[in-house]
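Please go over the structures that come below.
What follows is a pair of complexes built around chain A, which joins chain B in one and chain C in the other.
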Partner chain A sequence: MNIVTWLNLVDLLVCLVVIISAIGAAVHRNLLAATVFAGVVSLAISFLFLRLAAPDVAMTEAAIGAGLSTVIFLIAVRRTEEVEGKDQ
Partner chain B sequence: MANLLLELALAIGAAGTLLAVVRLVKGPRAASRAVALDVLTLITMPMMAAYGLYAGRQIYLDVALVYGILSFLGVTALARYADRGV
Partner chain C sequence: MKQIISIIAIVTIGFVLWQLVPIAMPSGFGAVTHHYVADGLKDNGGSNLVTSIVVNYRGFDTLGEVTVLFLSVSGAAFVLRRRSGLEVQEPVPASEIVQTGARMLFAPIVVFGAYIFVHGHLTPGGGFQGGAVIASGVLLLLLANRDRALPHGLLSWVESLSGFGFVLAGLAGLIVAGSFLANKGVLPLGQWNRLVSAGVIPIIYILIGLKVGSELSVLLDVMVHAAGDEEAN
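Now for the complex of A and B:
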């Protein structure tokens, strides 16, 4: 196997990680776990942007997605409720 | 030889990604999922660096640096939340 095959395999794996994490972020009842899943989605998407030869977009996605939005989601979860539909 | 080492690095990174995703999906508590997120970050950074080495572009290393700093911020916020709230 040459290196292009390995890179394509890694791309396939990262795409699978995106799909699994997006489903997990959508269906999970524990909002802290859903926040972690959303962080993994932006992490993997950033790597895919890098593979598509867009390093500036990848850098922005890493800054906004993995750094800022995780913190904002955490603050929002703390201000509201940790488990969805707990007090209904 | 350099290509062989890069292939080896990609293979090891793919195996580590698989194991971390298993922990991410199964993880009984939110804290173990946060650790899986940290592991995925630490695997992705050297893979970005290896791909920058293969493609021969320096800007990819900058992306890996920014990525490492900012994801450290996210994992730190998660750990602080697990400790006593943001």
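Now for the complex of A and C:
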């Protein structure tokens, strides 16, 4: 197997990580875990941007999507309800 | 039930978007794209073509983006300042490791962020990325020491002056070269791939970096300290 095939396999794995983490972020009852899942989605997508030769977008996605917005969501979740639909 | 409806909505929207892709993205590139790729270097002198497009050809959009970011940070600060009635948790002091690490890492992170936006016209990255990196350094500082107050007056001056400078650079293009945010003719383009080159693009990206960095820092400060303000009231 040459290097291109390996990289394609890695791309497929990262795509799977994106899909699974996105589903996890949508369905997880614990909002802290859901936020971390959303951060993983951003990090994996930034790797895909890098593979698609868009380093500028990859840097934005990693710094803002995976870094700052995850932290801002975490702060917001800590200051509100940690579990979705507790009062229902 | 709510989840089933959301899943149906997501699948429907996804299907519609999938059908729209061939319409929205024609297979060939248009004349505008060809012009950017062929003449971008000649027009702007920057080796990072993405920066040439973002700051020069689409500079007006970037001005709009910066304004949107400013408005959202102002809105968040406004809402969080006036929020009351939330349960306030006693802030747990950060461990010695986090405090020492934050003290050691803050300066390198800020220098790295500044490097990203100063070299925006040469290497990948630019004002938004560099500003976000600087804000993450500020976040580390805030996490290590919850009592630390950022100099809000200084940050809002930096933010306002850099926004003002962005518009001034655009007006300079309007006066000298005949169109808002024009690059060619305002400043010499210089030698390719040097730090001082590409006309006004590095100046604008440095201003954007300062603006985005100070805005995001203020946003993080407001988020982290919103509980602390209620304790004081």
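One rule holds for everything that comes next: the second predicted complex is superposed on the first by the 88 of 88 C-alpha atoms of A that agree within 3 Å, B and C clash if a C-alpha of one lies under 4 Å from a C-alpha of the other, contacts with A are read in each partner's own complex, and residues count from 1 in each chain.
The rule is simple: a contact is a pair of C-beta atoms (placed from the backbone, for glycine too) under 8 Å apart; a residue touches a chain by one contact, two chains touch by 3 or more.
Note that the structure is a prediction, hence the values are computed from the model and not measured.
Once chain A of one complex is fitted onto chain A of the other, the partner contacts of A:59 extend to both chain B and chain C. Within the superposed three-chain model, A:27 lies in touch with chain C and out of touch with chain B [touch as defined at top].
Of the two partner chains, chain B is the only one that A:6 touches; chain C does not reach it. Touch criterion met: A:40 reaches chain B, while chain C stays clear of it.
Within the superposed three-chain model, A:75 lies in touch with chain B and with chain C [touch as defined at top]. Measured by the number of chain A residues touched, the leading partner among chain B and chain C is B. When both complexes are aligned on chain A by C-alpha atoms, chain A residues 55, 58-59, 63, 67-68, 71, 75, 78 touch chain B in the first and chain C in the second. Residue ranges of chain A in contact with chain C, taken from their complex: 26-27, 55-56, 58-60, 63-64, 67-68, 71-72, 75-76, 78-80.
Chain B contributes residues 3, 6-7, 10-11, 13-14, 17-18, 21, 24-25, 27, 30, 33-34, 36-37, 40-41, 44, 47-48, 51, 54-55, 57, 59-60, 62-63, 66-67, 70-71, 73-74, 77-78, 81, 85-86 to its touches with chain A in the complex. By the touch criterion stated above, chain C contacts chain A in their complex at residues 3, 6, 48, 50-51, 86, 89, 116, 124-126, 128-129, 132-133, 135-136, 139, 216, 219-220, 223-224, 226-227. The part of chain A that touches chain B in the complex is made up of residues 1-3, 6-7, 9-10, 13-14, 17, 20-21, 24, 30, 32-33, 35-37, 39-40, 43-44, 46-47, 50-51, 53, 55, 58-59, 62-63, 66-68, 70-71, 74-75, 77-78.
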